[in-house]
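Presented below are the structures under discussion, each in the form of structure tokens.
Across the two complexes that follow, subunit A remains constant while its partner is subunit B and subsequently subunit C.
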Partner chain A sequence: MTIKPPGTASEAASAARRRPRRSIPAGRKLRRAGWLMVAPALAHTILWIAIPVLATLVLSFTDYQVFRAPRWVALENYVELWNDDVFRKATWNTIVYTFFTVPVSMAVAVVIAVLLNQKLRGRTIYRAAFFLPQVTATVAIAMVWLWMYNPQYGLLNGLLSMVGVPRQIWLGDPSLALWSVIAVGIWQGIGMKMLIYLAALQNIDQNLYEAASIDGASKVQQFFSITLPMLKPATFFVFVISIIGAFQVFDQIYVLTDGGPANATTMMTYEVYRSAFQNFRMGMACAQSVVLFAFLIVLTVINRRLTGGDEK
Partner chain B sequence: MKKETRRVKASLAAGAAAFSLVLVACGGTDNGSEARGDANSGDSEVSGDITLLTPIYEGNEGKQLLEEELLPQFYEQYPEVTVTVDYTNFGSLNEKLTTAVASGLVPDVMMMGVGWIEAFASNGVLADLGEHGVTIDELSGDFTPEILEGGVWEGDLYAVPIMLDTRFGIARKDILAEAGFTEPPGSFEELREYAIALTERSDSGELERAGFDLLSMDLRQMYEVFLFANGGSLFNDDYTEPAFNSPEGVEALQFLVDLVQEDEVEDIGFSSTDIDVHPLLNGRAAMAVGHNNLWIQLQEAAPELADELMPFSITGTQPGMFFGGTLATVSSGSSHPEAAMALVEFLAGEEAALAANEQRGNVPARTALLDSEYVQSNPLVQFAMENLDVAQREGGVPQWLEIRGDFTPAVESALLGQKTAQEALDDLADGARAAMDR
Partner chain C sequence: MTATTTSASHGAGQPAERRPRVNARRVLLTVLLAFGAFTMIIPFLWMILTSVKSPAELIEFPPSFWPKEWVWSNYTEALDAAPFATYFRNSLVIATGHTLITVFFGAMAGYALARIPFRGRELIFLGFIAMLMIPTYTKIVPQFLLVKFMPLFGGNDILGQGGSGWLNTWWALLIPGGLSPFAIFLFRQFYLSLPRELEEAARLDGLGEFRIWGQVYTPLVKPAIATVALLTFQDSWNNFLWPLLVTTRDDLRVIQVGLAVFQQEGTTQWAYLMAGTTLATIPMVVLFLVAQRYFIQGFATAGIK
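Now for the complex of A and B:
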């Protein structure tokens, strides 16, 4: 048996360099660093999104009335919802509200964004003015609209009376109430959409417009052939958040109409609120939330297919 | 949330407590909180940090009353108790209670409305006050049976009434006199006759004055006044079936529908529950179903009309009046039930209850307060107190909080002509039955 004499430090170092690593330190370190970096977001997602969503799903199959422990009822809540005229009305109202507020406010927002993307004097003020409803509390906005809609001394009836149109009961007439709420929704939703479109417009390569001009394209042609196609990713994003926002409309209804008259303006979220906090039926509220969630998922997928939202 | 902390030094507090104990022993008043202090044979024995959830004592004035006047008195009597107050209003009370129950952080003392006790008592959230020495028999001398019943569930007392919110007919004497009426309507037919005669429209047909205003009042409560006046009730005697769709109930709703649709004594949209000034006060209505606290609004907005408001019972087959109110309860899970009980008794006691009623313009629940200066100086409150024997409450079943939410849309659908009175009430009864069967 021979004993090797100890080598010098430089020999040892070079031996260490030659020796193959027992693992993949670089990859592992990278992965570890990656996990560490996403850990807060992951923890947040699991704690505040995944678990509540899962809990909502599970509770939707129970009769949970706050006071007592949840009791498993399988699909009973969903069957009841299917036969519930008020929830059906709320679903229809939500669809109508979404159908009108989202496209109209998107169309208006894109036009305003294009206008405010021009070199106008005081455009910063205009931009702020259009964005203001977005950052103002909905309750405050709704109070102002309540005054405007007041049948006796409201601004709208005042204007109508100047042109001889009879007084309207904007929020008290079932045939007008939903449209009145929709008008508020459109007005309030323009600001955020405009801002997103404005940011997207500023990323469009100006050479495209120059080239189009040289080719003789008019401004309208440029808008439809360059601007709108280039806004496609922004449009997908705006559409998705608008749909989600519209389906979750609550504050306006809560302050303006309380879902009335005769449930003419009740919405899915308002029914969730009523089930949970007025009727103490958390299980039913969860089932309604799951239905709402399903609507949003389906609409998002459809939209993704239609607008090619997966394109980069 | 405002934390109220006791600032009295222990020795002073003990002295004050002893002094108040002597006063109680000698005074022999029927103030509950004082009696309770006596029963504990030493207020300093009652201790603990407790929470109070209250939908009354609203706004700056209410907060000032509670924190600067009432609670200091309570602390004098109970120096070892600390009260943390959680303010809310009736609109948000359900949300507060729901989250409190769900999270297991139920306040020690909760104030609730009439019709709420059943739901919370039947589910074990509230303490049986009888177990803490306050019994129905003990209180029956201080409250009318109907009012006391608002705090009772299955024969046990769970809440002590503090104040009542009553609804009854109110007429403008001067406007009635213009049409030659000197007395308020004494029957449904007279009410219709008066309302038609007192309705005023412009040449273009626009309503300028409603003969009878239905729309400034919550439609559920409005309907209940007429239901009770027509001899109807919300549920059958043993509270197992809805009874509001009985012939009496349908007739009451049909009467309201006819007032709007046929007699056109008020147009939909003419008024609403969120109006700033009640139409009786600005002459836009000749008669209405009003709340007793209209007197406070009158004093602020139109004091010159003080002699012109004339309260009256809506009378069909019998005089009808609706009452809701606020009751104080103790959580069954309270860690300091004695302290919580002491606070309930203090706040429901004559002095504190009178102050709270005065601040809100409400009707004291204790019959002894009829002779108080406040009641005697407020004609609407006085009228309500003098007619409490005909007043009826809502609730009675644990599912009432769920059922009541469907009332307003149902009444609206009838008033708007979307459903007949019978259909609207039958649909409502179906929903109520389903809730009661769950």
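Now for the complex of A and C:
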């Protein structure tokens, strides 16, 4: 109360000093232009994102089969999910998939980024090669892997046969299928992480390395005591978007395994898809996607706690 | 990592030793990176090599790496086996449409959020940021329902009942995915980095805000436009789930869905499928190789700010 009036007064005074006559009408015109320019994007985002998110939450408490009006069932969907073995399996698979694809591809990406962050012949070619899987469609890529994993004629079994290893049914063997899917996830995920790390590396002050060299620190010591700590904000960012990406793995499951064999590779997203678009249980699908979202929020918060101490 | 470890273990060298050590390290580094890069592109090579192999060669085991004869007619036959040309055209129309919509409206909103002070601006910006975090699967079901119950379309009445709404229409393919908060966010960051003096001068000259946006600032953010355009195009070209959900008609199918349908229908003809996959992949690969700089800038900006 006592602070506010002087503030506004001085603002007004400075405004008056700058443009005494035009300031008020120009300001109004300006505000209106600002609103006009934001309006289409705002309307689009409200209609296609904000409302759907709220609707997902609300519908998750209903039994809704599209052709009948939604019926309020409170927590029934969630109770059913809790006891649903398939959804449990899907949740576990999603966690395993994320737990292996994200850290492995992050580790590979950091190493490659460090190696590429120096004067080197063919640097752009290497960078392009590592990034290529990221720009191409997951469906198309999964199609190629499906062919490479083909048990009868596939490239991988061909390579194995050269060293005398028997054929593997990569995608049809319940104990192997998830790992085959994870391998594709790692392969595809390296590129973008590498790129973000490369950009972050270029912002590290080179004097730090010079000082460390003078103090006699080896390259490995420098990597752990300078590079990694300085990459913390980038790591937080990469981790968050990678987790969000990995939890939403869908396209390659659709192409490679259809969730099988015996639900060995089904994922939370795949169950959302099945509930909504094969069984037409929209309420259940919404409940499943709320659970998915809750996982993502919790993981992001935990990560923020772990790495976010000096992150602003 | 291996490279640095090795060099470090040889380390603490006298100046005289320095050159050979550096060279050995260089060689090791190059070998390592070349091997890694080759591993990354093997699937792409395999795709192209498969697409030109003869049926007899495809069922050899172990498979030959290099085709004995290059059967380019696989491509024309693939185009006969499935309407890949139509799929390709559809993907092109949709990706171009999304790119135009996103660049125009995204740049406009980004400009207002960056440069025009108006009440509620911070709140709206925070709102866009929040929407940026929403995963696809937390909005996909209601988005589908919105499309299905779109009033007065596809035989629907004013309450959205009775017909199929936007399902199986270009609207469903073009509008919902037309604008992403990510594009708005990127544009805002780019406009924010420009100097203030320009707008003040332009406003004193009596230029309207739309002209300041279009004629003064936007020409200065051309690289940003290229970046957002490329990322949008890529996202749209590669999108699978949404077109899968909202279209069932063959003439509206995009290439990614077309591939999946072709693979699922009956016996898989691998050479044709790989020819189709090559068609689905090539535009993005070419675009990326031509405009690498902008892709990288886009991801770097997203990563740092």
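Definition applied: the second predicted complex is superposed on the first by the 261 of 312 C-alpha atoms of A that agree within 3 Å, B and C clash if a C-alpha of one lies under 4 Å from a C-alpha of the other, contacts with A are read in each partner's own complex, and residues count from 1 in each chain.
One rule holds in what follows: a residue touches a chain if its C-beta (ideal position, glycine included) is under 8 Å from a C-beta of that chain, and two chains touch if they have at least 3 such contacts.
Predicted model, so just to flag it, every value in this text is computed and none were measured.
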| item | value |
| --- | --- |
| Superposition on subunit A - do subunit B and subunit C clash or fit | clash |
| Touched partner set for A:Phe100, first subunit B, second subunit C, both or neither | neither |
| Partner chain in contact with A:Tyr209 - subunit B first, subunit C second, else both or neither | neither |
| Partner chain(s) touched by A:Tyr78 [first = subunit B, second = subunit C, both, neither] | neither |
| Touched partner set for A:Asn279, first subunit B, second subunit C, both or neither | first |
| Which superposed partner A:Trp92 touches (first subunit B, second subunit C, both, neither) | neither |
| Partner chain in contact with A:Val38 - subunit B first, subunit C second, else both or neither | second |
| Contacts of A:Pro52 with subunit B and subunit C, given as first, second, both or neither | second |
| First, second, both or neither for A:Leu146, with subunit B first and subunit C second | both |
| Contacts of A:Phe67 with subunit B and subunit C, given as first, second, both or neither | first |
| Comparison of subunit B and subunit C by subunit A residues contacted | C |
| Among 224-232, 242-250 or 296-304 on subunit C, the segment whose C-alpha atoms clash with subunit B after superposition | 242-250 |
| Doubly contacted residues of subunit A, that is, touched by subunit B and again by subunit C | 66, 146, 152, 276-277, 282 |
| Contact set on subunit C toward subunit A in their complex | 1, 3-5, 7-8, 11, 29-30, 32-34, 36-38, 40-44, 46-47, 50, 58-63, 105-106, 108-109, 111-113, 116-119, 121, 124, 127-128, 131, 133-146, 148, 175-176, 178-179, 181, 184, 203, 208-210, 213, 234, 237-238, 240-241, 245, 256-257, 259-260, 263, 270, 273-274, 277, 280-281, 284-285, 287-289, 292, 295-296, 299-300, 302-304 |
| Touch list for subunit A against partner subunit B, complex | 63, 65-68, 86, 146, 151-152, 167, 169, 172-174, 258-263, 274, 276-282 |
| Subunit A-touching residues of subunit B, taken from the complex the two chains share | 94-95, 98, 101-102, 119-120, 123-125, 206, 267-270, 272, 274, 401-402, 405-406, 408-409, 412-413, 416, 418, 435, 438 |
| Residues of subunit A touching subunit C in the complex | 26, 29-31, 33-35, 37-38, 40-42, 44-45, 47-53, 55-56, 59, 66, 111-112, 114-116, 120-122, 124-133, 135-141, 143-148, 150, 152-155, 157-159, 161-162, 187, 190, 192, 195-196, 198-200, 203, 218-220, 223, 234, 237-238, 244, 247-248, 250-251, 254-255, 268-269, 272-273, 276-277, 282, 285-286, 289-290, 292-293, 296 |
